[in-house]
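Common to both upcoming complexes is subunit A, partnered first by subunit B, then by subunit C.
Here is the complex of A and B:
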């Protein structure tokens, strides 16, 4: 059995990618299973999805603890402990990273024994679609290539899954063309599936009943959400061009998260530890003094806080 | 008679101080959070938020809170009942002298449209009937957003949701009309109700300033443009909210002791301008243009504003 685990941020298309691979495998006559992790559906928050492919009926259920392939749509997730990207990864696991860095650079930075391959899907999407957005078809194509599915079945699966989401035929075709490019471009790493150890069963612990006065979660701190840094959600960051700013306050007023404050002489200061990169300030700035810059990857991105 | 803002005339009057802090896991570009942040500038820190389950569950995800004040979490149907309990407790403590009057708190219910329009309707009706002194802040993103955009009774006609997809049998997607919760509240005769949109911050702040003078139930219906569920790019949240108002689909209004005033008269741009921006309406344009559906939405807007003109602007 092949087990593929997708990690992405809400809105990137990890869930749809898992469906594309599942459908493509099904079209080739395999038994396939795909499911996302259940949780609140949220743009920018870490999400995971799972695809299992086999010739025999699949009895395993739930999350994939020991993946054959891990597909990472956003490398900033690696340093997020909640995302658990590297759980169950060993020297046999193939790791795909959507990254502008090379596989060698990534391997040294994450200091990992797994086998790494990479391709800059965000760049492909920017060039072909003209904007950032879901890269589900591209992730699906790459994952399909790595596990040895045929290009034609990926093509058909993209068509079915994206049509299900209500996308226009022209958009679907654009996705198929870009996916084909990624299918051909991704450096392939051979899979080792022979001697995978079978994971033991996990024991469930039944929690004790506590009365509401003890059993209810309580937070006795004030505004401690500041400790949670949501800056890693960004693919683009707003950057101020000071000369163009007319000090109008609109960025400060419209920022949903309140991460922009105004100095005494009416210049915005952006809290990059928490800015989620929604680009509202960039869109609303009347003098185009705020511009979107793609987040650079580097060593700083890997240091967990 | 045109409505005048008395306090908030310039954008730089929006208070600098923050009361909802960053670090929540609400979506990037959340229109509901944008509205709450602006609302909180009018409410201050002496507040107990009573939060019905919904997207705003993620405001205070254990062990973190974005508030300096208090936050109580309830089921979707029972936030107004929770508000009553807190109000009573505060009143009793103050009456007994166990809590100084200065430490009195405002009670603010936070509910999504699923709570406000559907599940909490009966407990809300009870709370208004009892003249409970509280604010009700509804972040209306027109569907059950936290669980993946299922149809609610706030979903407008023609929108596609997870449970009202565009299908051969139902090509328009949602066939029901959006419930008029403003009028349902108004029928209860509360002292103050208003609709707001975060793209109109001065209108919003002014309304919170006006509401603070009234004791009793006060409703704020906040248009909460939702990039995740309405399917547009997060940066376009203000633009979507602006077009909702400018096309006349989301009227900005208030009702003081039942008397309605529209606080902004839009130029009524064609509804297509608003619909086209959002993926949830794309099936009305592609693969075939559903003229009747769009005409129906447009017609409803025109009829609404004709009535407004007749009632409010006679002579």
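Here is the complex of A and C:
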């Protein structure tokens, strides 16, 4: 069985990518299973999705603990412990990174046990679609290529899955063309699907009774959302061009997360530790004084403290 | 592969669509909402002839469902978790009216604390309501079980409502290949609903569910519900044979997996039974003679089929994905009760509680389960309830407790 685990941020298209690969495999006569996992989902929050491909009925369900391939739509997720991007990754695992850095650069920056390949899908999307948006078709094409699915089935799967989301035929075709490019461009790493180590039996730990101050789901710590720095959720950051700002306060009003404060002379200050990069301020600014700049690994990227 | 990739939720909607239901009162709740969305879309664009009505709560939804069913309409609805509990008092009324509707429950663990992921305390709370219960393992089984549920429910020997259960996330949002039965063949399997005891005609008034004080009359009618439910075992077998003839898939009230020479048997239900089967395969590779019994029909309780599958085994482990506080696993109690009189009952009966709130059951935990069960079988004494919960999970829990507590007031 091939097991592909996708990690992305809400809105990037990890779930749809898992479906594109599932449908493509199904079209090629495999048994396939795909499923997403998320909590109270929000744009930018960590999302994972899973595709399993086999010749026989699939007995596993839910999270993939031992992936053949891990597809990372946003490398900032690696440093977020809650995203668990590297869980179950061993020296056989193929790791695909959507990154402007090369596989070699990534391998030196982050110590990874898997075998890394990379392609800058966000740049492909910016070039081809001219805007920021979901990269599900590109993620699906890359994952499909890495597990050896045919380009034609990926093409057809993109058509089905994006039509299911209600996208216009012209948009679907644009995605198919860009996906074709990524399918051909991604450096392929051969899969090693031999038998893996069988895990021993897990040590169970039955909790003891504890007083209700500990034994009930109760939060006493105040203002703890400050501790959850969500700056890493951004793939793009809003940046102020001071000369253009007319001090209208609209960005302050529209910011859904309250991370914009105003100076005494009516200029916005953005709290990048918590700005999730939704770009509503960029959208609403009447003088285009706020612009979106892509977060780049190793330079401007925000990292968790 | 034939069929198409679809989620358990879409498979549930297809079940209602192919059953040609008349009326769908609805109230949305995660993870059930997609079922209602799909049905609403099909009714809107004319692919289905039903009437979908969004209600102000699950309590109203169930009232409307039962009342519509009492007029002779074929009714479908779906809910989950807190929604099922909100509808609760109506469940007993609807079964008392002997209205054979089908309700899908998408399992989700109950608050508090609140979560979205599944366990079976929601659906098992309804086990005494008079509804029949069929619990599905796969998306295909969701669709097929809804068609079978209508046929069994509408059987004159039964005339009771049915809950078809599927796990949230693990089936509801999971796509796998599903073959869609031919609508013409479904019509052959499921003839139009023409109940003799229900209906609504001018100048022929009925009162349903009337007051009966004194106890003896009440006893008679509630006992009728019990007999009707027991009749569903036979009705299920007939429906399963006919379903297999038409569609080539055979369902039992229970399903055995690698039971032939099994010493130790794990008992499970719902989607995690797939993982249990994989664990049986892994245990077999290490030389353990392990097998699995999946309970598909929970009400009526298929005692004979369970006894046939479990007598003579060394040890039986019931893995309950539910917890009755102060008691333990719900299904463990029922398995124990139906094996008590068997001279060849298993040497050890073990109770495990796993997958609460959708918690994954890892390969290592299944391994521990098989090891402890085998040891209990050798000792001849059962264990439990044992919570499947690991050292690693507990250390994460401890960290969260520190975060949640915050700094101590005096800074100590």
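Just so we're on the same page, the second predicted complex is superposed on the first by the 277 of 305 C-alpha atoms of A that agree within 3 Å, B and C clash if a C-alpha of one lies under 4 Å from a C-alpha of the other, contacts with A are read in each partner's own complex, and residues count from 1 in each chain.
Here, a contact is a pair of C-beta atoms (placed from the backbone, for glycine too) under 8 Å apart; a residue touches a chain by one contact, two chains touch by 3 or more.
If you're wondering where the values come from, they're calculated on a predicted model, not measured in any experiment.
**Student:** After lining up the shared chain so the two structures overlap, which partner does A:253 touch, if you call subunit B first and subunit C second: first, second, both or neither?
**Tutor:** first
**Student:** Could you tell me if A:222 is touching subunit B, subunit C, both of them or neither one (first, second, both, neither)?
**Tutor:** both
**Student:** What is the contact status of A:126 with respect to subunit B (first) and subunit C (second): first, second, both, or neither?
**Tutor:** Touch partners of A:126: none, neither subunit B nor subunit C.
**Student:** Quick one: is A:32 in contact with subunit B, with subunit C, with both, or with neither? Answer first, second, both or neither.
**Tutor:** A:32 contacts subunit C only, not subunit B.
**Student:** Does subunit B (first) or subunit C (second) touch A:54, or do both, or does neither?
**Tutor:** Once the two structures are laid over each other on A, A:54 reaches no partner at all.
**Student:** Determine, under the contact definition given at the top, whether A:189 touches first (subunit B), second (subunit C), both, or neither.
**Tutor:** neither
**Student:** Could you look at A:283 and tell me whether it touches subunit B, subunit C, both or neither (first, second, both, neither)?
**Tutor:** It touches subunit B, and subunit C stays clear.
**Student:** State which residues of subunit A lie in both footprints, the one left by subunit B and the one left by subunit C.
**Tutor:** On subunit A, the overlap between the subunit B and subunit C contacts is residues 40, 217, 219, 221-222, 224, 227.
**Student:** Contact residues on subunit A for subunit B in the complex?
**Tutor:** Listed in rising order, the residues of subunit A that touch subunit B are 10-11, 40-45, 131, 133, 166, 168-169, 217, 219, 221-230, 233, 248-250, 252-259, 261-262, 271, 274, 276-280, 282-284.
**Student:** Given the complex with subunit C, which residues does subunit A contribute to the contact?
**Tutor:** Those in contact with subunit C are residues 19, 22-23, 26, 29-37, 39-40, 58-63, 65, 198-207, 213-214, 217-222, 224, 227.
**Student:** Name, in rising order, each residue of subunit C that touches subunit A in their complex.
**Tutor:** 1, 4-5, 112-113, 116, 169-170, 173-177, 271-272, 274-275, 277-278, 281-282, 286, 358, 360, 362-365, 367-368, 371, 386-391, 393-394, 397, 401, 403-407
**Student:** Give the list of subunit B residues in touch with subunit A in this complex.
**Tutor:** Touching subunit A from subunit B are residues 11-12, 14, 16, 18, 20-31, 33-34, 37-38, 55, 57-58, 60, 62-69, 71, 145-149, 160, 165-166, 198-199, 201, 227-228, 233-239, 279, 282-283, 286-287.
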